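Should a chain be cited, it is by its letter among A, B, C, D, E and F, assigned in written order, with residues numbered from 1 in that chain.
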Amino acid sequence: MATQPILDDASADPAALAVFDDIRAKRNTDYVNNFWRVLANDPDLLQTVWNRLQTVMAPGALDPLVKEMLYVAVSVANGCDYCIHSHTAAAKAKGMTPGQHAELLSVIAMASQTNALAKALGVPVDDRFTL
Amino acid sequence: MATQPILDDASADPAALAVFDDIRAKRNTDYVNNFWRVLANDPDLLQTVWNRLQTVMAPGALDPLVKEMLYVAVSVANGCDYCIHSHTAAAKAKGMTPGQHAELLSVIAMASQTNALAKALGVPVDDRFTL
Amino acid sequence: MATQPILDDASADPAALAVFDDIRAKRNTDYVNNFWRVLANDPDLLQTVWNRLQTVMAPGALDPLVKEMLYVAVSVANGCDYCIHSHTAAAKAKGMTPGQHAELLSVIAMASQTNALAKALGVPVDDRFTL
Amino acid sequence: MATQPILDDASADPAALAVFDDIRAKRNTDYVNNFWRVLANDPDLLQTVWNRLQTVMAPGALDPLVKEMLYVAVSVANGCDYCIHSHTAAAKAKGMTPGQHAELLSVIAMASQTNALAKALGVPVDDRFTL
Amino acid sequence: MATQPILDDASADPAALAVFDDIRAKRNTDYVNNFWRVLANDPDLLQTVWNRLQTVMAPGALDPLVKEMLYVAVSVANGCDYCIHSHTAAAKAKGMTPGQHAELLSVIAMASQTNALAKALGVPVDDRFTL
Amino acid sequence: MATQPILDDASADPAALAVFDDIRAKRNTDYVNNFWRVLANDPDLLQTVWNRLQTVMAPGALDPLVKEMLYVAVSVANGCDYCIHSHTAAAKAKGMTPGQHAELLSVIAMASQTNALAKALGVPVDDRFTL
């Protein structure tokens, strides 16, 4: 159902193939998932997104598992089915336990309902919450 | 700009006032923020949301700071200005450092752009990302 | 903060002024709210939206108060602060009681949280829910 | 495509099974739909959501059919395909006529377009729409 | 998976069939796509939407291809999978090149990430951006 | 109301100040708008976003005015008030006429309503709209 072809290695431009190879090397796997294979129709965009993703998701002040869970939370609210599935799988691969997954879901559900209530009620931001 | 009155203690129903008192006691503060004071127009809803929030945000498999950052992430994607401000403030109160805040923002920005790309491209979910 | 001028009667094009007059007559009021005064920068769009609104919100298989509450529900989920305020006011003007408002808010909150859960979990639609 | 298993009765935890039995009894059916069977991976969340749903959707100041239509309206705006299908089916089961469904759709469409226009134009909320 | 039947010509009401015929004539094709065939369950809504679509998408101050790309951009942000596919196909039919498609995607991705950042940071609108 | 300080030149880190200077030079203005002044709390993110923005919005297969209008369309659907104002202003600065603005608004409104209808109806994507 993609709006652009899902490119296999043989169909990909050399610049895109180089990114595929980098993904395989960095992730230590033979598998390149569909997101990259569709982005590959624009090798520049593929390269840009892949580069930025590595920087953003690297260990830093937040650990990679927390980052994956944040990614899932954003993807749920934005309604991206592909991203929910791929980043939930990534979070599991990085050690997310069933208990952590359950709490992640509970926070997402809680925030979603109070987001709706605060918007419906037009609650003004308290002065102390602004700088 | 609220669509229901922001109730001070004198205007609140006794059942709502009891929740205000519980909020003050549990948070060890004299301050009850606007969200609760508007929700107080429906004491049952106020009680339900306050009870659930305490359960969901308590320390568990995820620590409270991670939960606050997840709350911010969902609130940004859902466009709830009140919740963004109140939970960013809560995260800072729980120790979120500028470095952690910066990485939180970067993950939210990254996810938002790949959410859009995956949706625009109609990327089908890889079999390996489903159970 | 509008991105186009809020036109008073003196500044509006005759075609827009005719719509203002129709709004005043149909609503039995001297007041024309900001939404129409900004839309008036494009008299054709103003006329089209005003005509369609009257058709859609007229009494029919659903009563006008139910329609206003549906309008509020959609506006909350879409994050339109203007529409939340104007249609909550319209619902009150059409007789929405505090008890009805409270239940409206509770349904919106409930739906928002199960919407998030169903998306986060990728729940497949049951065959019996499709035709 | 669920991100957690769809639990049949044999796989569900006793606490989850008790909720399944309560759903069957309250709804007078043998069928437990997928939403509950996926939520069952966290029996506490399953119980909490099921309990709250019964309270919120019970007859009160608004009738149950109106509540189902509000649920559909929110689900459309939030883009939850599962919820759109399950609550449209529930509304039909509670007597929603084709004429009511048609008007529900027209209000959702109308609100969606004026939500977009009011946001695009940055229309300021009229003083009279605030308390 | 539609919530109302997809009506073929034999099942459609005469008023709906007349719109189908108009679609075929105006688009110079025998094919009527699913969106119209489901909308046909409410011939009035079908007629209203079809009429309005022709007016809005006609050549004017903006050319039809630009309008199709704008349609895709809105549909991505609103998460309408059907609309993303149908309007991407329409844009291609109107001459959208792979290079234009790539730039469309890049702008959507860019806007999505700065939308999230501006919301997360609560950036106040500069005076010079208001009238 | 920002969740991080709006940094003036004196408060900004040298790396951030260098970006401010580049913005002033490239845009031939003394003014640096609030978005950049808040992003400046994380000079790396500021640099990354500014660099990417220049690449994406440069003349290419699409002209810069079309790109600004696409940016507005996405920002409306995502509910980013800041971005709606700043990119509407940018579009006007790049020559968007009142007639083009009016058509932009009409397409956004049209797409928003058919997005809602296609989601509410669960319309399946026609085979011919997929590759």
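In the analysis below, a residue touches a chain if its C-beta (ideal position, glycine included) is under 8 Å from a C-beta of that chain, and two chains touch if they have at least 3 such contacts.
Model, not experiment: these values are computed from the prediction.
Asker: State the pair with the higher C-beta contact count; candidates are A-F and B-C.
Answerer: B-C
Asker: Quick one: which chain's Cα centre is the longest way from chain D's?
Answerer: With centres defined by C-alpha atoms, farthest from chain D sits F.
Asker: Averaging over Cα atoms per chain, report the distance between chain A and chain B in Å.
Answerer: Averaging C-alpha atoms per chain gives centres 21 Å apart.
Asker: Go ahead and note the Å separation of the Cα centroids belonging to chain A and chain D.
Answerer: That gives a centre separation of 27 Å.
Asker: What parts of chain C, by residue number, touch at least two of the other chains?
Answerer: 1-4, 45, 49, 52, 74, 76-81, 84-85, 88, 102, 105-106, 108-117, 119-122, 125, 130
Asker: In the complex formed with chain D, which residues of chain E make contact?
Answerer: Against chain D, chain E makes touches at 1, 3-4, 41-42, 44-45, 49, 74, 78-80, 130.
Asker: Under the touch definition given earlier, write down the residues of chain D that touch chain B in their complex.
Answerer: These residues of chain D touch chain B: 1-5, 48, 52, 125, 130-131.
Asker: Where on chain C is chain A touching in the complex?
Answerer: Against chain A, chain C makes touches at 72, 76-77, 79, 81, 84-85, 88, 105, 108-117, 119-122.
Asker: Quick one: in the complex, what on chain E touches chain A?
Answerer: Checking each residue of chain E against chain A gives 79, 81, 84-85, 88, 98, 101-102, 105-106, 109, 116, 122.
Asker: Could you please specify the touching residues of chain F with respect to chain E in the complex?
Answerer: The touching residues are 1-4, 6, 31, 33-35, 38-39, 45, 49, 52-53, 56-57, 60-62, 66-67, 69-71, 73-83, 85-89, 97, 99-100, 102-104, 106-126, 128-130.
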